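Next come two complexes, and both contain subunit A; in the first it sits with subunit B, in the second with subunit C.
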Partner chain A sequence: MQNRGYLRVREIVAMILIIVGIKLSDSTPALLTQNVQNALWLVPMISCVCIFPSFLLMLYLLKKYKDKNLVQLLEEILGTVIGKIIGFIIFLFAFLSIALDSRNYVEQIKILYYPEGPSGLIFLVLFGVVFFGAKKGFEVIGFSSFIALPFIKVSAFFIVFLVLGNLLVQRIFPIFGSGLSDILIEGAAKASIFAELFFILIAYVSTRETDIFYKGSILAAIISLFEIVIFYFIYITVFDYNSVEKIAFPFHDITQFVSFGKFFSNIETIFMVFWLIAAFLKFMILIYLATWIFGAVFNIEDFEPLLLPFTFLIATLGTLPFNSIINELQFRNYLLNAMTPFLILLPVLLWLVALLRGGLRK
Partner chain B sequence: MRQFKKSKDQEKKIKINKSLSKNIDEMKETFSYGLNKDFCMRTLEVKFSEYNACLFYYGSIVDGERINTHIIKPLLEQTGDKLSNIVTIENLEEVTDLEKAIQNVNSGKAILFIDNDEIAYAMDVAKFEYRAVSKAENESVIKGPQDAFTESLNANISLIRKQLHNHQLVNEAVQVGERSVNEVNILYIKDMVKDDLLSNLRERLENISIDSIRNIEVLEQHLEERPYSLIPTILYTERPDKATAFLEDGYIILLMNTSSACLIVPVTFWSFYHSPEDRYLRFLYGNFSRAIRLLCFYLTTMISATYVAIANFHSEMIPPDLLLAITASRERIPFPLVFEVLIMEIAFELIREAGVRIPNPLGPTIGIVGALILGQAAVEANIISPIIVIVAALSGLSSFGIPDLSMNFTVRILRFIFILAAASFGMLGLIGALILFFMYVVSIRSYGVPFFSPVAPNFKSSKDTVFRKVLKKEYFRPGFLDLKDSTKRNK
Partner chain C sequence: MIRKLLLWLLFLLLLGGCQDRIELEQQSYVITIGIDATDQKGIYALTYQFANPEVGYSASSSADEPPSEIVTVNGSDLLSATYFANSIVSKQITLDHTRVIVVSEEVARSDNFLRIIQSASRTPEIRRKVEIIVSKEKASDFITNNKPLMETRPHKYYQSMLSRAIQTGIIPKATIHQFFQITEGDADLFLGIYATTDQSDNKDDEMEEDQYIAGEIPQKGGPPTQFMGAAVFKEGKMIDILDGEETRIAQILNTTLDMDSFITTIPDPLMPEYNITYHYSQTEEPAIDIQYNKDKPTIIDVKVKFKAEIVAIPSLIDYTQKADDRRTLENAIVKRVKKKTEDLIEKSQKVYRSDPFYWSLFIRKHFKDIPSYEEADWQNNIYPNANINVEYEIDKLEFGKMINDTNLNEVRD
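What follows is the complex of A and B.
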């Protein structure tokens, strides 16, 4: 592992902000509006409320059992076999969500910017870059994320600034959209849109300051929640629910919609640049994390050579679904729904076992 | 090579003989006396001991006057108890083996053998010819000292010591090369620099096994870790003030007698990005020039590639009026856009390369020819469109804003990579290439120091990176050097 102990919490924060925050720009909003209509912007909050206690509990356990990463913690509490099985399930979740996302992102690039380009080639370019980037190691990805983050966030802020004049705030009414119960169910079911928070726990011991890791990750999670809520709010108030339902990639539609003065009327390519940087980094981080989890589960110390086969597998899996609608509305929907109870209940289970076994008294 | 090494070892064993005539024979044979025209030998009778003695030196690299007045004259006239009280040379070294004596003659000393004495005396009378200290030609500044290193070690060290009055500034010599043994001088501030770094450097110098290292420029390539990399990992400068500033921050300087420049290790990206003038100018002015330089970095690497990407793949982004103008100017151009850009960029590189090699009196001519042919005529012949001339000129001009020669080459080569990436996949390709290149740069190290420190990874420093702070607010020396004393001034 190319980790020389230079990584700090600020790099971890940058990575979390990228992998969670980018949810505001992909097709997640389209997925969510199907059921909740114009209460879209409330869903992430409910999801966060559902999953955040579990995440905190996980951080608490990691802090209690010092110097252990996610998989080591599972093995410590549940025993080697069950720990490894659970770790493998987490790996599968991570792996599948990357694979499904990959199709999603390739479709975004293709439909919006290269309508005539073959998907296969875009896959090749995207994952070629991702593979070589991930190969540079977790530290380098962290540093790059840290340096790229300000640019990405400034461009996002710039979009908010430009679109402000087009908001029609009344569109958030009725405030609960299709009904309070719908939102609650959808919010709880899709709590796993924050699943990346759990994946990054594998890197818990890679920083020099594990003691402030939890502060950093909580802060990053809250900031990304705010960003997501703000952007979902903008989608609803700009497009209204009828359109958002039908728009696959509202972020890109916003970027095509805004203009910078009368002269620069089509500036989406500027935002595309920063979005692409974020997307590249997101896949680098996630593929690296997934491979890391796999390595931890199967006791592969030097797991970086696995990056190539995993990147290849992910790209292949991503090309499999018949079309992006099925990919998005069926597979990704199922996956998110399936991950939620697992991620919410796992920390509780761990905590209970640890409590019963007396591991917390240390 | 191995054979040579062996003979060198054998030579080492030869002690200086008590008999003068044997020593003379040995020296004569070694230096091909008679055949070798500038090798001189002067026999004399020393007055103080009344023994015969013989002096050897290279007439071309010593100061004849000094030998005359400070060695020969006293030896013939003065009486005294020992040699050191007779000759009036400031540097007198006693040598016991022949190999050392030979080396001394090679480096411009006069060697004195005295009959009945097992010690030879090496006296420093070297006078190598060198250029006078002149103005810095390649790294010029408007505000700031104008002197530059010259091809003399002593002059160069004097230029540094002139600015750095510190007894901890050490000048250590390491010998490199096997056939022609040259000296590399390592300068550092002893109570500041990290010992690991120093021993790492010494080890690398000692591990160089080659016939000869003529100068710093060759040494640079023997010292670097990644000879195939696009990124330079050693800084080369001809400015003594820049070198001194680095010394003060705890870096290490390498000098040789034969180069009018020095090497600085370790480096970060910022060493290549900064110019000493940034610090001589007032806070705002200096930072303004850094902002312009940052723009230069962007323009020279990316502007052509961005143009190719936008015009080929994202033309909806160009405002309609401008788009029409571009289309109109391209109407009669037969080539694809990327080809046009490449023609122009290569043409610019041609002018540049020719401009460096061209004899001085012809300089203006090529300027006119270049400008006329490549600018006007090519446009009028519909080979390239005027807008490409602007783009290429912009990227070419910006490359001169980069203060370091090595970095200059890096961005110039990089520009072509980016143009090809942009031509193949528009912004997707360009950003992909950019991010991979960037990650590569972040991942490399120069003597263990990450290239983008102190930004990523973070280190305590005075935050002199893209912009600098007010000088009064700089408290720390670069933390990535892990210095023994990392505080510049206390808060």
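What follows is the complex of A and C.
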């Protein structure tokens, strides 16, 4: 394991901002808006309210049981066997969400920029790069994320700036979209759009002091929520509710729509570069984390050689769905709905067990 | 050694990214797409105007080449016909730089317009900024006859022609983006650009300046193309044409359309045989206040503040110094623009039964959720029955750089 505890707050923040924040640019908004119409921008807030207490509870437990990562904590509290089973379930969730996302991202690249290239080849190139990146180890990924982050965020901010003139703020009304109950249900059901926050807990002991991780993850979670809300707000006010639910990739529709003055009109390729870097980093981080969880569950100390088979498996699974719309609106929908109760309840369960066993009195 | 070689071979995979590589030279850039009906249902005659990249820069040696090439083929949607057109055009046809889609009035008025234009939103090639022009004649005739003299390169021509005409308000800004937002929103009317190269025979020189639609403007010299007025679309189908003046008023009242300013005339209130010319400009967006009543008619209060700058007073009446006359003039300006506005609103309520002002945006906040908003039905119920009060207010009345005009009596002494 190439991990010497050199990571600081900024790398943790950068990684979380990339894996959670990139949800603003894929087809997650298209998935959410199917049920809530123009209340899309409220959904992440509700989701965050639902899942954030659980996340804090998890961080609290990790702090109490010092120097343990996610899976070790599970084993400590629930016993080895149950702990490992739950750890494996978390691994499956992480693995499946990467696999489904992978198809989604490949389709975005293919439809918008490489219409002639076959999906398989894009998969191969994308995951080839991701594998080489992930193989470098967690700290290198962290540093790269930190270096790339300013560029990614500046380009995102630039899009916001360019699209400002096309917003019609009145479009957020009627404020509750398809109905208050609908958005509350959808917000709660899709709370797992923040699932990556839990996956990264496997890296809890990778920083020099765990306190750093604690601060960094909370800060990053709040910033990424903020970004997601801003972008969802933009999608609603630029496209209106009837249109946004028809658009599969609103982020790319916006980059194609904006122009920089009269002379520079087709400028989406500039944004595509930074988006692509973010996508590479997202998959590197997530594949590394998933492999790490797997390694921790099966007591494989040196898990990095597993990266190659896992990358291969993910790319293979990703190519299976018939098309990207089924992939997004059905499979990913099921997965998000299934992950939510698990992720919300697991920390509560852990806390209760720890409380009864007296583990918190240290 | 073999390992190293294999590693190098792996890099070859990255070349897969070059699959979509295409040289600029191998592409033909479409600037204008024209849509016409054919006798067959579902098949359209699609006209593509390609820019000639060799025209327009000084180093060009082929000065005799025309600035564009025009091809018409049949096809069922915008994209499939580009492949068919390749039997005539030598290069790969690229729609990335399309500026305008010209639709013949015949197609725009048919039920099928929405079907054909829909394909524009599915392909990533056609941008949402593309403007929709409705031509009185066949779109292919419009594109062929449109031979601008000064700005021969088509993309520049459309860019400057449209942006200037939009600034002056005689045509609306009409992008595909707006078309889909409004049509899918299913509440308001979309205004498309109306243009023609077909000069009408019944030209009326007597009409006031802006009450023309394209093709009726008396003109001598210059290219035959006229852009004037707006095609009114209801639920994705063209139903009527607004003249230049109505288009302007619609844009004054529509907060989502930007119009800079325009110069217009009114009869001199004291000597009606002369006209007074003034420069209308709007400093702030109109305030639209909707009082929604569930059972009674909804009340819509609209307040427009504008600035008027008098440009010419051919009657030579001394409006600047005499307070009473100035007030008469102010009232005359306000009364006239108000009257025009009320006429347009009445027409939209009675004839169109929907509004071209995108006011449905302002009623949304009175509803908690979309089902109740859709049930209240802006288009069929709220708007046609609403009581609408429009107030115009002159914020500033300026008189240009002269204090007084020439005193006629002194000159003719």
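By our rule, the second predicted complex is superposed on the first by the 362 of 362 C-alpha atoms of A that agree within 3 Å, B and C clash if a C-alpha of one lies under 4 Å from a C-alpha of the other, contacts with A are read in each partner's own complex, and residues count from 1 in each chain.
Rule of thumb we're sticking to: a contact is a pair of C-beta atoms (placed from the backbone, for glycine too) under 8 Å apart; a residue touches a chain by one contact, two chains touch by 3 or more.
The structure displayed is predicted, hence computed values, not measured ones.
Contacts of A:I98 after superposition: neither subunit B nor subunit C is touched. Once chain A of one complex is fitted onto chain A of the other, the partner contacts of A:F257 are limited to subunit C, with no touch recorded for subunit B. Of the two partner chains placed by superposition, only subunit B is touched by A:V140; subunit C is not. Of the two partner chains placed by the overlay, neither subunit B nor subunit C lies in contact with A:A195.
In the superposed model, A:L276 lies in contact with subunit B only, and not with subunit C. After overlaying the two complexes on the shared chain, residue contacts for A:R171 are found with subunit C alone; subunit B is out of touch.
Look at A:L7: by the touch rule set out above, it reaches subunit B but stays clear of subunit C.
Residue contacts after overlaying the shared chain place A:I152 against neither subunit B nor subunit C. Of the two partner chains, subunit B and subunit C are each touched by A:Y114. Of the residues of subunit A, those at positions 113-114, 121-122, 125, 128, 265-266 touch subunit B in one of the two structures and subunit C in the other. Here subunit B touches subunit A in the complex through residues 310, 313-314, 316-317, 319, 425-429, 431-432, 435-436, 438-440, 442-443, 450, 452, 455-458, going by the rule given at the top.
Per the touch definition, subunit C reaches subunit A in the complex via residues 10, 13-14, 16-17, 19-20, 96-97, 124, 127-129, 159, 163, 177, 180-181, 184-186, 256, 361-362, 364-365, 367-373. Across the interface of their complex, subunit B is touched by residues 2, 6-8, 10-11, 109, 113-114, 121-122, 125-126, 128-129, 132-133, 136-137, 139-144, 146-148, 263-270, 272-273, 276-277, 280-281 of subunit A. Contact residues on subunit A toward subunit C in their complex (touch as defined above): 37-38, 111-118, 121-122, 124-125, 128, 166, 168, 170-171, 173-180, 182, 239-243, 246, 252-253, 256-257, 259, 262, 265-266.
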